[in-house]
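Labels run A, B, C and D following the written order; every chain starts at residue 1.
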Amino acid sequence: MSVNRFHVASADPIGVAVIGAGYWGPNLVRNFQTSVEFRQHWLCDLDIERAEQVLGDHSTVRVTDDLAEVLADEAVQAVAVATPAATHLDVAMAALRAGKHVLVEKPLAASSEQGRELVAEAERRGLSLMCDHTYCYTPAVLRIRDLLHGGELGDLQYLDSVRINLGLVQRDIDVMWDLAPHDLSILDFVLPPGVAPVAVAAHGADRIGTGRACLAYLTVRLNTGALAHLHVNWLSPVKVRKMIIGGSKRTLLWDDLNPGQRLSIFDRGVDLASTEELGDEQRREVLVSYRSGDMVAPALTEREALRTMVEEYARSIRTGTPALTDGRSGLRVLATLEAASRSLADDGRLVEIGEWATR
Amino acid sequence: MSVNRFHVASADPIGVAVIGAGYWGPNLVRNFQTSVEFRQHWLCDLDIERAEQVLGDHSTVRVTDDLAEVLADEAVQAVAVATPAATHLDVAMAALRAGKHVLVEKPLAASSEQGRELVAEAERRGLSLMCDHTYCYTPAVLRIRDLLHGGELGDLQYLDSVRINLGLVQRDIDVMWDLAPHDLSILDFVLPPGVAPVAVAAHGADRIGTGRACLAYLTVRLNTGALAHLHVNWLSPVKVRKMIIGGSKRTLLWDDLNPGQRLSIFDRGVDLASTEELGDEQRREVLVSYRSGDMVAPALTEREALRTMVEEYARSIRTGTPALTDGRSGLRVLATLEAASRSLADDGRLVEIGEWATR
Amino acid sequence: MSVNRFHVASADPIGVAVIGAGYWGPNLVRNFQTSVEFRQHWLCDLDIERAEQVLGDHSTVRVTDDLAEVLADEAVQAVAVATPAATHLDVAMAALRAGKHVLVEKPLAASSEQGRELVAEAERRGLSLMCDHTYCYTPAVLRIRDLLHGGELGDLQYLDSVRINLGLVQRDIDVMWDLAPHDLSILDFVLPPGVAPVAVAAHGADRIGTGRACLAYLTVRLNTGALAHLHVNWLSPVKVRKMIIGGSKRTLLWDDLNPGQRLSIFDRGVDLASTEELGDEQRREVLVSYRSGDMVAPALTEREALRTMVEEYARSIRTGTPALTDGRSGLRVLATLEAASRSLADDGRLVEIGEWATR
Amino acid sequence: MSVNRFHVASADPIGVAVIGAGYWGPNLVRNFQTSVEFRQHWLCDLDIERAEQVLGDHSTVRVTDDLAEVLADEAVQAVAVATPAATHLDVAMAALRAGKHVLVEKPLAASSEQGRELVAEAERRGLSLMCDHTYCYTPAVLRIRDLLHGGELGDLQYLDSVRINLGLVQRDIDVMWDLAPHDLSILDFVLPPGVAPVAVAAHGADRIGTGRACLAYLTVRLNTGALAHLHVNWLSPVKVRKMIIGGSKRTLLWDDLNPGQRLSIFDRGVDLASTEELGDEQRREVLVSYRSGDMVAPALTEREALRTMVEEYARSIRTGTPALTDGRSGLRVLATLEAASRSLADDGRLVEIGEWATR
């Protein structure tokens, strides 16, 4: 974890510009405006009228369709890029080269190759490059991270995620690229140091003839031997958002659709008591024991994830340390999806993901 | 569907002998005794005392530890084999050679090769060879079969099964061989004619060091392009027994732990409205539409599965037609598990299952 | 159902003024502005600045703190009153006397006596007086009304409602006056013609010493012998919003916190098969039979209740017929609450509710 | 808590006779036979053949239809009465007069007057008189008792019980007498010392014309001002078995149909922060605060309730101290039901229950 050179150490608000006033931009605008950490100077969009609408009438934020004008403004120390994925490389690279910290809407870039360029540039310049993996900043996922990093769940044994729904069939991407980024970024976020995916196998089906997978299963093998498994599906009439995280000490269930009990931590499980060789038969005898303890559903605060994300961006900039969801994490998610796509095209063959080695 | 030669056409009870008085035998004894279709003559076990205990004091059923004595009895037209899997080949083969119909506890035999011998012998002799896949005879699964065979769900798009629990770690077999037979036999049972698995990929993990997989994922590819996916797990503190069956017309959810609503049939889904080529860009444009209709939870009768299974055995014997879960179905399940084990040992490589071609 | 005299028959938008810019007013403003049925002319509040904030900068709606100015405007044909309950009588009465149709936020007035004055005035003048019982206009409740009025549930046998939560303890009213109006207005809304409450008994407890009941049970006796029962509670850590409506043909469960299955209609129940006198003992022998049919969860459209309510207000004004939740329904709810309060103060004694006789 | 005089202090098994071989008797026989605390000598029933069937062929238990013969046997120190309720007084009284300890199936007797006679006789003779309130001995209810007696829930604020189902309409008793004894005996069992019901109000409906209430609501007022409320119902197509117990410290939810999470203890609630008088208006201002802590679902052992009940009977006999569900508790339940029946017949008027004063 290297310290960036251009971090903003003072208590002054960080000057920020939002690039892109489409679907996601307004959420960023709203959160930067209510944050004491930032002062927003620009909203940049090719469609100026749209940008003006987003801001309303009394805003002191300036509108422009000229990115260069924004990047030339010395009051701007940080940008947030909410343009289409295909443009992320150009926009983010220009900003980095202008010496600005950069927050990018997911995915980090259109490919892991492009993502790698951005990461290299940011690291060379000592700038913060952050990827907005919003789900990671929900109270539930932050708590899961704490539990896994703090050892309260023990060693990760498996992670099983189900994210299925009657979903909008996307025009350009399959269900894996639509939904799995959420789970892969969460996986990246909660895994304790030293634990990392090494390979992925993916199976999918396009049963309604859309030309792309509408349901898919990803099996992610970790360097510890543990498995993570994702089920993503656009065709299910039942909506499920569940993740089971099996640890050697405790097992956690995250049910995001149960607001009254989002997290359940079970002190139940199977332990290996001992292993002994049995005389003649040389048969390995396994003695297991079973724990059957309480379950605790911790109270979670209700807090908007985007607000926490914006604060993390400020923290990263001010301290000069990488954000929790920095460029490299965005890159790992991209690389995993690319490997999964190769596996999907090759009958589910296990495909290695080199990128995680850098974790 | 050939007609067997030795079927029992009269209305007289079918003379039956149960071989094996261990865990499963007593259930068979109880059900044969309460069935008007059968008259039980023998209970055969190497441990005679145990067999006597099972029968109680006033039973007219004779006890023996000599299989030959049972098979020599002309009053015995059918046997039910509930001995350890390793002995299935010998016991069942002897019975078939003695001209008896045979019901075998799952698995059909210790290997698909052995299973194939039994199937061949039974077919050569025109005898009924049936595998006791008990789950198939629950009211829920019988209804699912009707819905799929009758076309009410439309074409199968996917099947997703989750069977997880804090389970007893088995001494000799992994979680796949312990739990997946249930789901694979159900899959075999409910698939409409012409639809069949062709290959399987399996991933598993043995995270607690028992020497065998304690959780596993099986992806089964069907000849139609549809996917079936199974999640089996001994380590989950949460018990789940759910199956989603996505059809082109309707989607079914089977939740076996919800006695008040075991089956839910959703008239909701995504349909492909049309596909058209777009001029220059040659881009395939997909137009999908969404259905959002009612859900129906059909009333199910409460009936013991084993009772229905025993009646199906009688029907098969009397009519000379294969049982719904005949030897071939037991063989297909075995062959799929063997292919899955090969895949598990080979990084999840997709392994073909020849056996289903015979379906 | 008399036809009002001053109804607005043309297709022109109905001129409307909103009185009160507090908690509820802005919702009305938003819905009137997006409705093609209405043109909003005024927003009136003693706090002019607040009213201006609600409207934003480009609004053509005029702001005033002078109710008389609004009522003198001939372009205003209808008003919507969202001021504190204590002022409802004065504001609504002034509007009626100025010949305006009136929509009143619940409760209709501070007392049933005041409510009766308003109803009388509106009927005398042939003006529409409507009470905004928003819940009645949710897709679920509209469907329940259809099912009960259409006879699909058969005769109402009982209604059991649970509305409990960790709720905000109110300063001026007890839990009964806070929560039960929702259920009582729904009851009034869904009961078929001829079925009406006649008496109520209420029990409550103030166990945390707030000086008012924090949980309460209301038993409402109907003229048919059926019971409606309400459980309202501010102290429950579990949030429940459920209503069971038992009919002679079918029984309905409304679970408002289950978005995927809000309504479940069960074709299950107990029927009286026959009744016969048994000779000597003169004992009445009851033969009951049990139905065990399917359950259907009907698909519901997602539509904002307030939007439907505003359309009903327009329909009432244009056709000169009472709104579904007219002044009389508001009055019946008030009268029931008053009777319940009397019962609560008198050890749960059954108190008659005269008002429902007018239904 | 007086010490009985005739308690069995030695470690010898207690000689026991079961009176009645109908529905419930066999359960008692089975549990006495597997208990090391008891040695069963007799099974007494007017239908000797039935009694013989219950015991099977090798039993050393003697069968008779002569109660006097049983009571004359000095080896018999205790009896268990499982005859129809109308005969409880005669059978139990004869046993007490013969110096036997007595366990009675619920209800204790056909009326509270009869129950009082039995209690008086047992106390006069220093014999154990116990009522088999089986539910009280489930692991869940035992835990609830511990939590309330130990103060972990704080002071009881309210108890809300729902026990509804599509139930068998009983021939002789209404739904209140059929189902409410379970909840009233549980209430009696879990209430801490000093807390007691003082009055009850009941409302019911017989909407299908069976001549008896098929659903009923009981409101039980406690001497502390707290409320207990019971909803019992034979007509509900949805099965619910839930109890909420609100305490000043924590609130407990018991969901008996959720085997994986029967008990949930919430550290959430509303507290009264302070109360102050506000100057002129003399208006009481209430300041409340809200707790929002974790929820814990304690692990429960799985143990048959009847087995624990039988052990408690032994403990009571050996120590000469009253059983947890002694005759007085059975009497309190009876008296409450009688008061509830009076209330039901009198429009829900609040009826006092004198019996609880003896608690």
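Following the convention adopted for this analysis, a residue touches a chain if its C-beta (ideal position, glycine included) is under 8 Å from a C-beta of that chain, and two chains touch if they have at least 3 such contacts.
This one's a predicted model, so the numbers in the text were calculated from it and none came from an experiment.
By the document's definition of touch, common neighbours of chain A and chain B comprise C, D.
Among the remaining chains, B is positioned farthest from chain C, on the basis of C-alpha centroids. The distance from the centre of chain B to the centre of chain D, with each centre set as the mean of the Cα atoms, comes to 45 Å.
The centroid of the Cα atoms in chain B and the matching centroid in chain C are 54 Å apart.
Contact with two or more other chains is made by residues 238, 264, 268, 292, 295 of chain B. Of all the residues in chain A, the ones that touch chain D in their complex are 261, 264, 267-268, 292-299. Per the touch definition, chain A reaches chain C in the complex via residues 57-58, 238-239, 260. Chain A meets chain B in the complex at residues 155, 157-158, 160, 166, 169, 171, 201, 203-211, 214-215, 217, 219, 221, 225-227, 229, 231, 233-238, 244, 246, 248, 251, 253, 264, 266, 268-272, 275, 284-286, 288, 290, 292, 295, 347-350.
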